[in-house]
Structures are given as C-alpha cells and as structure tokens.
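Have a look at these structures, which come just after this line.
Okay, so subunit A shows up in both of these, paired with subunit B first and subunit C after.
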Partner chain A sequence: MANITNDAAKPERLQLLRVLGPAHVWALGVGIVLVGEYMGWNFAVGKGGMIAGLVACWVAGLLYTCVAMIDSEVTSTVAAAGGQYAQAKHIVGPLMAFNVGLFLVMAYTMLEAANAITVGFLLDTVAGMTGHSGLHQQPFIVLAIMFLAWLNYRGVLATLTFNLVIVAVAFTAICVLFFAIQFGASNVPLDFSAVTEEPLPYGWLGIVASLHFGLWYYLGIEGTCQAAEEVRSPARSLPYGTMAGIMTLLIAATLTWYMCSGLIPWEYLGQAGTPLFDAARVTGNVWLMVLLFIGTIFATLASANGCINDASRAWFSMGRDRYLPSWFGAVHPVYRTPYRSIVFLVPIALIFALGAPLDQVVTFSILSGLLGYTFMTFNMVMFRRKWPLDTIKRGYVHPFHPLPTIILLILCSSAFFAVFLGYGTQLIAMMCFYIIASLWFHFRRYQYVRRGDQFTMPWPRPQGY
Partner chain B sequence: MDIWNFLEYGAWALSVIFGAFLLIDLIRVDTTYDNDLLTSSREGEIEATQERHTI
Partner chain C sequence: MAYEPKKQGLAAQIFDVVTLLVLTVGALYVPLYMGLAGAAKTPNPIENPTWEALGQNAAEQRQWEALGITDPASVNDMITARFDYSFSWAALIIMIVSVVGYFVLVVRLSDREYREVLDERFGSKRKGG
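Right, the complex of A and B next:
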C-alpha cells in the first residue's frame, strides 16, 4: 500500500495525491469549457444577430474574467478539494457551503450528461454522412460516461494528462482553422455584410436574450479550483492555470465568433448544432473538416472528463465533512481518488444523459453555475473584510477590488434576467429544488456534521469575531 | 450489418467491461480495507503541513 501518510505523531491517513502542475490546472479549466466554443454559443447569434453574438461573447468574457480573478485569489488561499464549497464553508457558513456544493455537483453532472449526449449526436451525424441512418446513440453515450469514469477512477494524473493532450489538439484545431482561412484555404471568403445590413434584428432586447448563450464560451473555468488538493503548489499553480485558461478562452471565443460569423449566414448560424465543424465544411477543405471533427469530439470528451473530476471532488468533500453520508468521503488506497463519489455519480449522469433533452440539461447546468457565480460576489467581499490582505498570505491578489465583484454581480443579475426570458419555469423549479434541499440540510442533516473539524485552515481569527 | 452496427455492439461491450471494473474494484477495496482508513482523509492535513500561512 504505497504513499499512505504515516508518521510517528499522526495516525495513518489516506490523502488525495499531490501530483498536478499548472498545465493540468489549465487543461482542467479549459477542458471543461472549450466544448462551448464548438457548440452552443451560436444560439446567442440566433437570439440577437451577429452583433449581439459578439457583445455576448465579450460581456460574458468580462464576467468570467472577474470570476477567474476572484476565484484565483480565494482558492490560492483555501486550497482544498471542493473548490467553492470549501471557500463557502470557511468564509460564509455551513448552509451556504451545502448549497454551493450542490450547485457544483449539479452543474458538472448535468454538463457531463450534455457532453455524452453530444458525443452520440456527433457519431450519428458521421454515420449519416457515411450512409448509415438510424444509429443507436445510447451505446456511445454510455461508453463515453463509463470510459471517462474509469479513467477518473484510476488516477488524477492520467486523467488530466489525457485532458491536456486532447484540449491542446482541440484548441490547436481552432487556431489552424483561423490561419487556414486567413491564408486562403477556404473556398468561401469571409462575409461580414450582415453586421451593417442587419446589425440588431431583434433590437437591444436581443442582446440581453443572447447573454444566456454567451455564457457557453466560458462556463466551467471556475472548475480549476477543484484540483486544489491535488496540485503540488496550489498557491502558484491555481492562479497560473486559471488565468492562463481564461486568456486561452477569450482568444478561442473571439476567433470562433469571427470565423463562424464570417463564413455562415447568421440565420443559419443561430440554429447550427456544430458551428465550428459547419464552418470547416463551408471552407470545402476536407482536411479542415476532419481536423474540426476531431476537435469537436476531443473538446466534448475533455469537458465530460473534467466534469467527472470536479463533480466527484465536490461530492467527496461534502461527504468528508459529513454534509452528506461520510461513506462518500473515502479515498482509494492505491489510486488515491475519491472512488466512491466517482462511482455514485455515474448512474446519475446516465439517467440525465439517456432520459432528458439536451437543452433542459444544459439550462439546469447554466442555472446552477450562475447561482455559484452570484455566491462568489459576496464571498469575496466577506473574505476581504474578515481577513484583510495583511492578515493571511495569498498566492494571488486580484486588482481593483471591489470593482470585479460589482461587475460580476451586475452581470449575474443581467444573466438571470436573460435566462428568465427564455427559461423562467426552469429557473423557478431550480430555486424550489435548492430551497427544499436547504431545509433538509438545516433541519435534518446538519446534526451529523462535525462542526469543529470542518474548519481546517490555519488562519487567524477573522476580524470582528 | 455494417461497421456501425458492430461499433454499437462494441460500445455496449466496452461499457459493460468498464462498469464491471468499477464495481468489482469498489467491492474489493471496501471488503479489503478498513472503512476508517478509507475515510481518514482530512482537509486541513496538507494545508497545515505544507502551506503555512505566514506573512
């Protein structure tokens, strides 16, 4: 039994392995998100036209830059598995932490299910192109989830090294498409005439409505902090990986909008299932088509892979603190992964992937993510108030506080309004779910929590206490 | 039967293999090791020993 912590002063303990570096953190964050460049973001164009699509791209980019900065500061200090859940536990309180943990697990598990559905859809498309109609998507959906769960079960280093490779390929594919178009590999020239002829077909309300789908470009970058307990140097690696990740995504998002809007008429782009792959098809270049198809599959797998990693860490952390049954807080003695949490979340992902429509699954994921971002705003304010800069060491200090927090809160409010315009019923249903879960936690579950043990950071007493 | 039909059966077979590995290994570990050891991970352990917060 290798690597079990054991010295004379302490009892034998199993811990998660510290084997990751900044590149793995980058691969985790970008891996979860990059699929949003390959599909989904383009519904923003359908809601409000090309200009609205670009505004949504950059406004959402601003929102997520704030998220990345805030997250980098807090998580470089609260370096524990569970990410925002652990932050909420230390900075706000148990009920907030329980809710944030649920936001994380729901957001990532739903996104994993959506990715598995997409794998099935993509293979069905390819089968159709080769003359085979009526492909059964279920075996490929199940295989994607089972394979990635197995990979996660076997160890975090292999899991995120695999992510690093396939994310690098997927990002390179976007760059190659951009340069190929610039150097004349496309049969169709870029055409931006719709920007002047139909700048805002649905007016300013179209911009607000498009914001919902602009989140797709970056949704999940905050997942980097789930690796906090498995990176060799969290105070250095987490800010590096996260900030490099958001920069990568800003570049990828802008390139994607530019290429797709220039090659595909906005009326079609707004409804396309795989816009980057479709843009490659428009170029008429077979090599670009193959490359972008590989990029689409890799981005989808990388996202599902990162989601399994993050959802299981959040679930594991809640189990470890007795917010959920302690059975989930187990670490595998050989692979050093939260193996029970990984296995437990497999059937849940399968149920959503096989039984729920894609848009509903994604909407629930986005709503859970938005609730998490809203939490980050007052979490950041409380963190700076309780532990000012000169009281504890931070791996990264984000600039212009509280401006990013205020911007994030305003943009979250706008995004909630945008979601309410299109998916009001789901928003209300989601809020009801979290209220009922909170009541269960407060009146039933909290009695089992080891209240003293859960606060583990060696920090001084917070100011005002 | 074309290649896509074979791929469908192959995907089912691989799914069963991966699923069986997960379940069998989980049961094996749970019956081999003491549950107190498996759930012995503590959040603060790493932080306290390696990332001391000193200004």
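Right, the complex of A and C next:
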C-alpha cells in the first residue's frame, strides 16, 4: 500500500481509492492494447509480407503470454501503484526502478500520442470520403487528449468504467466484421493469393523485421498492474484480468490479420493508417464502415485513456518516492487521483502527437516497452532467487519457471534486432537517453531520496544480502 | 544512522524536471531533425504500369478499386517500394554493446543503492558496512 515519506506535504498523505474489480483490470489492459488491432500492427505486413505479419502476430503473442505470466506472479505479490516500477524498486534497486518508471511513462505517453494522431487521421479520412477534404487534424488531437485527461483527473472509477464500455464496443466491432464477412456481407471476397504468390518478399529476414511492429498487437497489456493500488483484491483481480486480457487480444489479433490480409492488398495494408476501417470500406457495406469507424475511434480513445491512467500512476509513484520532485506525488483531495501527474503529462503527449510522424512515435513507444520486457526477464530470476517460493506468500505462481523467462529473453533479443533493421538510429538515440538519465539519477537525483523508505513490502531480508 | 536526504528548493526541482524533458524531447526529435530517423522504402516504379504488370491479380484489382484506387499508376510507387535490410556489422555491434552495457550499468549501480536501502530497512549486516 502507499508509503508516504515522513515529511511529505499534507495532500500526499491521501491514498488512491480501492474501487476497481477484475473487469476494470481487463478493460484497462485490453483498452490500452486493442487499438493495436485497429492501427500500427499492419506495418509488420509492410516489413515482411503477409505471412511475416501472421508469424509476428503469434510470436509477439507468445512474448506477451510470457510477459503476462511473469507479471501476474510479481504484481500479485508487489501490489503497488507504478506496477513494474514498484517491482524493480523492491527486487533490483532504485536506479532500475527509476528506469522502469521512465520506460512506462515513455511507452504510454507515446502510445497516447499515437492514438491521438490516429483519431485525427481517421476523421480526416472520413471527411475526405464525404467530400470535405483538407480537415485540420490538430484541433481533434488536442481535444481528444484534453478530454481524456479531464476524465482521468475526475476519478479512476468513472475513467475505467468508461473504458469498459467503449472497449467492449470496439472488440464487438471486430467480431461483427468477422462474422459479417463469413456470412457474405462483403462485396469483395477474401483473397489470400499473395500468401502463395509472394509469400516472403524479404525472405526470412522479413519475418524477423516484422516482429518490430508485431509487438504493437499487444503493447501495453502489462499496464494492468498499474492499477494495483486501486483494485479491491490485487492478488485475485490482477492475474485474472491480465490473463483474460491476453486471451482476448490473441483472438482479436488473429481475426484482424485474417480479415485485413484477405481484403486488402498487402502493399496497401503495409502502410495503411486505419487497416480495420479500410477492410470495412472494401466490403462496401455502409453499416460495417460506420461500425468500424466507431470501433476505431473507441479503441483509440480507450487506449489513450488507459495510457493517461498508467503514465500518470508511474510518474506519481516516482514523485511520491522523490525520484522526481515530490510535488508530483500528490493525490487530489476530492477525486483521489494523481492529478498533478495527469496534468503535467498532457503537454508532453501533445508535443509528440502534434510534431512527430506516427511510425516514429510508435517506435519510441515500442522501444520503451521492449526495454521493460527485457527488465522482466532478470527481474523474475532475481525475485525467485531472493525470495524462493516458500519464503513469502504469492497471489499467483506462474508455471514452468524459468522457461517463460528464457523464451521472453530470446524474443526480446530478436525484437531488438528487428528494430535495429529499420530504426537503428532511434534505438541508439534511445539508449543514449536512458544512459544519460541513469547517470543523472544516480549522481544527482538520488541524493534527495530516503533510503529505507524505498522498501515497503512486509518481506524478510532477501537471500544473498 | 538513517540517511537524511537534502532538501531541494523549488528552482532546483523545476531544473530537474526541465532536464528530463529536454532529454526526452531530444531523444525523439534529434534523429528526426538530423534526417537519420525511420526506415524509408525505396520505390522502384515500372514503365507503363498496369495492374497485371504490377503483379495484381483480378481479386486484388477489385480490392484496390474498393479502396477508391482505379489508376494503377497512382500506386506504382507504393506497390514497387521495398525496404533495404542490409546493415553494417559495426552498427550491430554498437547496438548490442549499448543495450547490454546499459543494463549492466543500471543493474550494478542499482545494486549499490539497493544494499543501502536494505541496510537502513533491516539493519546493517556488517559493522561499518
């Protein structure tokens, strides 16, 4: 539970409200991620062709299943706002925690920016289809981010209940499109001839390269554990909501690949801004187009909503621990939300949403997520070594350890190589950023941090220390 | 004895936040402004493009038309563009060293900080340690 430093200001003594159930956890996780089915994943097809897109879908699914298994065990035991940040603080150390906090904030803020860009792009597309081309996207981008930030500011229960509803609609839209196509609602039949005629335009290297954007199918499912301090029963709700979420996404991702690859030429699909909406356009059915338009808007809003929620919790947690100025660690006296962190991150999201291309923002988000998944591998090993199974009570124990960890590390290494193939400069720039930020924290910022207050779990001293 | 952290003034707090912001924005925008960002495809347009010459069968032609694209010349670049996945081994080694080096640096420095945390939380195991 919340640990407040002794000399924190009075508002910081307030705690977040425990009002959420497993369905909210599912809505938070799937809500952040489902937009990956509506946009972004299809760049994987562009990077390697249709088969590569499907392999990336399943390989990334395996990667995220490992992430969900590992995360469920650690988070059901370290139930604190900040999720992986709190895990790192207790298992690896403060500097790792600071980095993990930054991974989370960067991944979610960039994803939020990508969502806002997509909202603007989709509205522009639809305006063009109705004869009003040249729509200014910027006001809609700003409006989407501001509205969702306001919703987050006003309370977590309303925010995630809103997410629950719109995510359900967005997921239903994918299922409806699938069944409608199966029952002949499309004027254009499914065609998978490219699978046989041009199966791997880049050879096997294309499959590896496509893994870069294959991550986008599921990126952010680990965000479920950010709600750890706001769920009524973390040990039950977090594993249940997370595992249900990854299963939902595996189904949605496979359906999405099937429909889009069958209805859209791969060369177009590989660069499309809103592939599911485009698939609905190809069917020629106006009702399906309207449904998928709503689904895309809802998916992007749900994702941006969840991202604001998660990024602000991570920023809040770092402020509360003085890793950042403690001003950010305040809870709103009425709404019980980390309101200063929510407001502070709004202009940062806008800087990226209004000024950077979509693929750059997506890559920035993926890279931060990837660094976080790499951290999970050695974090899991250290967790089991420092506190073996019989030493502390866990809410959930994942099976087959260390197999998921080994698989995750191999897949993360492959994904780093995939990013390197197209975006090596960004990768190096990102690593420079994290190295400089780490040195800044260790040699400057850490002097303001209370040492003993970092360890708040009621556990015995770790073995080997 | 517990470590007593320094007090930080308002100006220093703002400075710290601005430092992080500049680093963050720089990490994304510096490669963009230097023209080093992204993996651009290289188009290889063909002469007198037709759907058949561009390798699009009858079903795919219907899909293009359903997307509102009826002129094959307008998607000549899109269909013929390809990524170049050639890379330099030196760049790959720099990438590996930077990622592995980063994690080694962070874990080692974290471990030093972690031991201080544990000593304060559970009491020091070593005299003067």
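In the analysis below, the second predicted complex is superposed on the first by the 452 of 465 C-alpha atoms of A that agree within 3 Å, B and C clash if a C-alpha of one lies under 4 Å from a C-alpha of the other, contacts with A are read in each partner's own complex, and residues count from 1 in each chain.
By our rule, a contact is a pair of C-beta atoms (placed from the backbone, for glycine too) under 8 Å apart; a residue touches a chain by one contact, two chains touch by 3 or more.
Not measured: the values here are computed from a predicted model.
J.: Would you sort A:A80 into first (subunit B), second (subunit C), both or neither based on which partner it touches?
T.: Touch status of A:A80: first partner only.
J.: With the two structures laid over each other on chain A, which partner does A:R281 touch: subunit B (first), subunit C (second), both, or neither?
T.: second
J.: Is A:F179 contacted by the first partner subunit B, the second partner subunit C, both or neither?
T.: Neither: A:F179 stays clear of subunit B and subunit C.
J.: Who contacts more of subunit A, subunit B or subunit C?
T.: C
J.: According to the stated criteria, A:W327 is in contact with first (subunit B), second (subunit C), both, or neither; which is it?
T.: Once the two structures are laid over each other on A, A:W327 reaches both partners.
J.: For A:I392, using the defined touch cut-off, is the partner it touches subunit B, subunit C, both, or neither? Pick first, second, both or neither.
T.: After superposing on A, A:I392 lies in contact with subunit B but is clear of subunit C.
J.: Quick check on the superposed pair: does A:L263 touch subunit B, subunit C, both, or neither? Answer first, second, both or neither.
T.: It touches subunit C, and subunit B stays clear.
J.: Of all the subunit A residues, which ones make contact with subunit B and with subunit C?
T.: 327, 454.
J.: Which bits of subunit C are touching subunit A when the two form their complex?
T.: 2-3, 5-6, 8, 13-14, 16-17, 19-21, 23-32, 36-39, 41, 55-57, 59-60, 62-64, 66-69, 75, 78-79, 81-83, 85, 87, 91-92, 94-95, 98-99, 101-103, 105-107, 109-122, 125
J.: Considering only the defined contacts, which subunit A positions touch subunit C in the complex?
T.: Per the stated touch rule, the residues are 46-47, 92-97, 99, 106, 187-189, 191, 193-194, 197-198, 201-202, 205-206, 209, 263-265, 267-268, 271, 278, 281-284, 322, 324-325, 327, 348, 351-352, 355-357, 359-361, 364, 374-375, 378, 416-417, 420-438, 440, 442, 444-452, 454-455, 461-462, 465.
J.: Which residues, counting only subunit A, touch subunit B once they are in their complex?
T.: The touching residues are 5, 11-16, 18, 77, 79-82, 86, 127, 130, 132, 135-136, 139-140, 142-143, 146-147, 149-150, 153, 229, 234-235, 317, 320-321, 326-327, 329-334, 339-340, 342-343, 346, 390-393, 453-454, 456-459.
J.: Give the list of subunit B residues in touch with subunit A in this complex.
T.: Per the stated touch rule, the residues are 2, 4, 7-9, 11-12, 14-15, 18-19, 21-23, 25-26, 29, 33, 35, 37-48, 51-55.
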